[in-house]
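Both complexes shown next keep chain A, but they swap its partner, so chain B is in the first and chain C is in the second.
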Partner chain A sequence: MISHNPSVSTQTIPQQNQHTKSKKNFNNCNIHKLLSKIHTHDFFPNIKITPVPHIFSSLGLITNFSPQYTMEIDDILQDFEQQARAPPIKRDADLNQQLVAAMLNERMAPELLPYKTELMDRVLTEIQQQQQLLLDSYEYGDSNAEAGVISSDFKLQLMIIETDIERIAYLLRLYIRTRLAKIDSFTIYYINESAGEGSSGGIALLSPAERLYMHKHFKILTQLYNTSFLGKLPSFLQLLDDTTGGETMIATPNLDQPVFIRVVCDEPIVLTMDGDDELTLTKNGIYVVRYRLIKLYVQIGDIVLI
Partner chain B sequence: MPSLKPLKRTEVPLWTAIILKGQGKCNIIAPAWLSYSYLKKMYDQEKKNPEMFSNLPWNWLELSKILITKAADDLADSSTQLCSIIKDLREIRQLKSKRGLRELNESNIQLNGLSLMELNELRPFVLLVMGKMRQLHDSVSTTDDKASDDESDHEW
Partner chain C sequence: MYGDQANKLILEARRSNNLSELPLHQHTLVKDIVEEIGVLNKDVEYLNEQQSVEEIPASEARVHQCQLFVTHLCLRRNKRCLLAYQKMRADKIAEFLWLNIDPVAGTETTVSHLKEDSDSPLNNTLMSKLVLLNLSHSEQEYYKQYQDLVLEFKSGFADIDLSGDLEPPTDIFIDVRVLKNGGEVQTEYGVFNLIKDSQFYVRKLDVDRLIQQGYLEEI
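And then the complex of A and B:
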């Protein structure tokens, strides 16, 4: 299961193209290829290098090319760098973590949690921006490929951005699919639950798209049931939400299901068990408890499910 | 994302490091805990305190696996050595957590010190058993309430 984004330290290997610099440079690509062959780790710690232009200026797009290039290209590059720096990559880490937490909570909770409208909106717009950026830079790359301006570093940067988008898209998909699976299994329950909420403007349990999906899905399902077998049954057995006879037919999430949790707030939390026992949850502790007891704490974020 | 300069240490997310490493553009500095001596110390600690779990990072199993497969040349100790100590450590911890399962009850359990992967190994079992025990517990207490008549005796 995915979790936080563990960080490790890296040490960048310098590209030692000091002496090749004079000969450059419309086949930058080839030099890079060559260099990457020359660079083996065996002699890496021993060589003395004057660091050359950075491999990356940022996770933005463009490496610092050497000044031999004409002004024109430099201008474009600068433009691009500004564009590339504009998307707040720093904030992304935070966003990413929020998304992971939301996804995990949703995945481990037995019931549907309120839809994270704000978070989703932000993530979706940022993905869109990044994708646009990617498209733009591919265009840029294509039109400049013959001229040899595009180094392999440039491609690498595109690749990294692409990977990042993929990672976030995966989290998003997982989040939404989990929600849909829950909606599917407890359809009638959630139709009743969310009946009055569209207009009231409070924290919505479902997003508009999800609500639409739920109603349509239910309609199709009911139709299928009716045509295939319910129509042939006596009419008092035809109800899908029969509650007579002491047994309800509406499937509801099992809130007593035990869940794995971790406490993230500083204050210890005291839970009262049904046998009048008290259980104190301290920070960073890992426990398995019934979902019903910690439901509220999950919603305010003092406890995360794992 | 900080700017990357040659020979400068920078902290980046793991996946970026793996890509860069794959392209031969960086060396990964292994985290301090991923060394034979440190893990050995942890192992000894685990042996000494049969009740406690030693302090390891939340993702230590996954991280060590990734680093050993993708960046073995950047680690201080040989990967076989590391693999064997990790395996020892894992086994001794598994043993402990399994012993701890004896205390499983229907309402709650505390699992401090276990890492994510180890939790996931336990998860299906623990959830199933706790669910069942909960059911049993509930039926016992409901029968208990109306159980002054001893007809329901055979149910429990």
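And then the complex of A and C:
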């Protein structure tokens, strides 16, 4: 139903031409990316959406259109089709998968995992771009609605993009909130853990924003304790990270918690259990193990939590 | 004595943990426990003093030590109970904050944002007043500071409403039923009035906060 018919778009091109000259800021690559994303996500399994550059992709072309061009319009469209198809499909699906994996790992792991700086930066900029595109497209749709050049697919495509943004925003939200919840429950532990890492330049456990949040939150919590009762106690009871008296006050994540895992690397992994027992994990196998044993594999990505 | 009061406090904490709102701060109980700690501390000092001043026979020394030990245990237990109580309340406050009152600065939400500003102060004050009255002075301070902190953190993620629904989204548009009368709400797709028992088909993003605040119900 939504599948594209090249002859239709060739006919409509002269019409579009007038309207689109003013819209040069349309970002062609973005649209290709989005269209290919629609394709890969399979929102409607029954409907085949061909990621042919629809209205948009011809825009850039037509604005450059001049009489000395002797190529057939169909050839040009075909060129675009090829350009639009290949690389972005993989990239975006990849990004989405990475995000889901990162979110799941973070959700299921008892301790805080290193912050995915690169992934988050990329996803955040892409979201921003897509939202800008959405705004532009709405504007474009509104201004051209009367002229009748907007196909009925146009609104649907925008809806799909919007739904997709919502989904990704949800993943991000869950990821960030899960991290914050962990930071809040083991504040003192992570303050100690992350004390030296700021300058070392290695993989940071916390993002700068999270670090700031952690320290500030701890500060106001301490202030609350102090003003409400701690300040009135004898001085030897005023510590918050007291480890004397037989019990430590610093809550630490329970690394022995059992977790469900799936192996994604090709090589089998051999774990040594408490005694002499060995457990061999093979690809695509699903196991329940103590988190401590597979902690490192999760960090290098050989194992994902589910 | 010896932790009875603290036990009451813990029971209170457990009770309020299951409530949807924060009950009154137990001023007197906390004060009593702090006093108890003071008294116990005096005991400890007295016992220490006695031990160093007098020569006590071996059998009695053991009794002394035991007394000292028990007193110390009580001191620490009281402290832990106080901390637990306060932490529970602080967590509750934080939870409230993430759920309800959160003006987000974002390009995409400005429209719904404006609508919130013109419409919900009434609701916000009513709700936070309900909480604020039950809070002790220092808790109110904490509330304000934490609100600033959360706001600051959220401003780093302008495109995502961090305090939004933690359930996975299904549709962009949903059917909602109005539960409480309210003012006019403006969205990108037009204006609707909050009249009890009426139903609308609206964009989820626009009404998320109204659902959290109890104006609307998803159907």
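Going forward, the second predicted complex is superposed on the first by the 210 of 306 C-alpha atoms of A that agree within 3 Å, B and C clash if a C-alpha of one lies under 4 Å from a C-alpha of the other, contacts with A are read in each partner's own complex, and residues count from 1 in each chain.
By our rule, a residue touches a chain if its C-beta (ideal position, glycine included) is under 8 Å from a C-beta of that chain, and two chains touch if they have at least 3 such contacts.
As the structure is a computational prediction, the values presented were derived from the model and not from experiment.
Participant: Considering only touches as defined above, state whether A:269 meets chain B (first), chain C (second), both or neither.
Facilitator: Neither: A:269 stays clear of chain B and chain C.
Participant: A:286 in the overlay: touching chain B, chain C, both, or neither? Say first, second, both or neither.
Facilitator: In the superposition, A:286 contacts chain B only.
Participant: In the superposed arrangement, does A:95 touch chain B (first), chain C (second), both or neither?
Facilitator: neither
Participant: Regarding the shared-chain residue A:167, is it in contact with chain B (first), chain C (second), both, or neither?
Facilitator: both
Participant: Once the structures are superposed on A, label A:257 by its partner contacts, choosing first (chain B), second (chain C), both or neither.
Facilitator: first
Participant: Is A:204 touching anything from chain B or chain C once the two structures are fitted on A? First, second, both or neither.
Facilitator: After superposing on A, A:204 lies clear of both chain B and chain C.
Participant: When the two structures are laid over each other on chain A, which of chain B and chain C touches more residues of chain A?
Facilitator: B
Participant: Kindly classify A:113 by the partners it touches after superposition: chain B alone (first), chain C alone (second), both, or neither?
Facilitator: Neither: A:113 stays clear of chain B and chain C.
Participant: Who does A:213 touch here: chain B (first), chain C (second), both, or neither?
Facilitator: second
Participant: Looking at the overlay, does A:159 come into contact with chain B only (first), chain C only (second), both, or neither?
Facilitator: A:159 sits against chain B and chain C alike.
Participant: Following superposition on chain A, which residues of chain A contact chain B and also contact chain C?
Facilitator: Of chain A, residues 159, 163, 167 contact chain B in one complex and chain C in the other.
Participant: Can you name the residues of chain A that touch chain C in the complex?
Facilitator: Chain A residues touching chain C: 124, 127-128, 131, 159, 162-163, 166-167, 169-170, 172-174, 176-177, 180, 184, 209, 212-213, 216-217, 220-221, 223-225, 227-230, 232-234, 237, 245, 247, 249.
Participant: Show me the residue ranges of chain B that touch chain A in the complex, using the header's touch definition.
Facilitator: 1-17, 19-21, 23-31, 57-59, 63, 67, 73, 107-114, 116, 119-120, 123, 126-127, 130-131, 134
Participant: If we count contacts the way the header does, which residues on chain A are in touch with chain B in the complex?
Facilitator: Those residues of chain A that touch chain B are 1, 3-15, 36, 39, 41, 44, 49, 51-52, 54-59, 89-90, 93, 156, 159-160, 163, 167, 256-258, 260, 273-275, 277, 279, 284-290, 306.
Participant: Within their complex, state which residues of chain C touch chain A.
Facilitator: Those in contact with chain A are residues 30, 33-34, 37-38, 41, 72-73, 75-76, 79-80, 82-83, 86-87, 90-91, 94, 107-108, 136-139, 141-142, 145-146, 149, 152-153, 156-157, 159-162, 164-166, 168-169, 171-172, 204-205.
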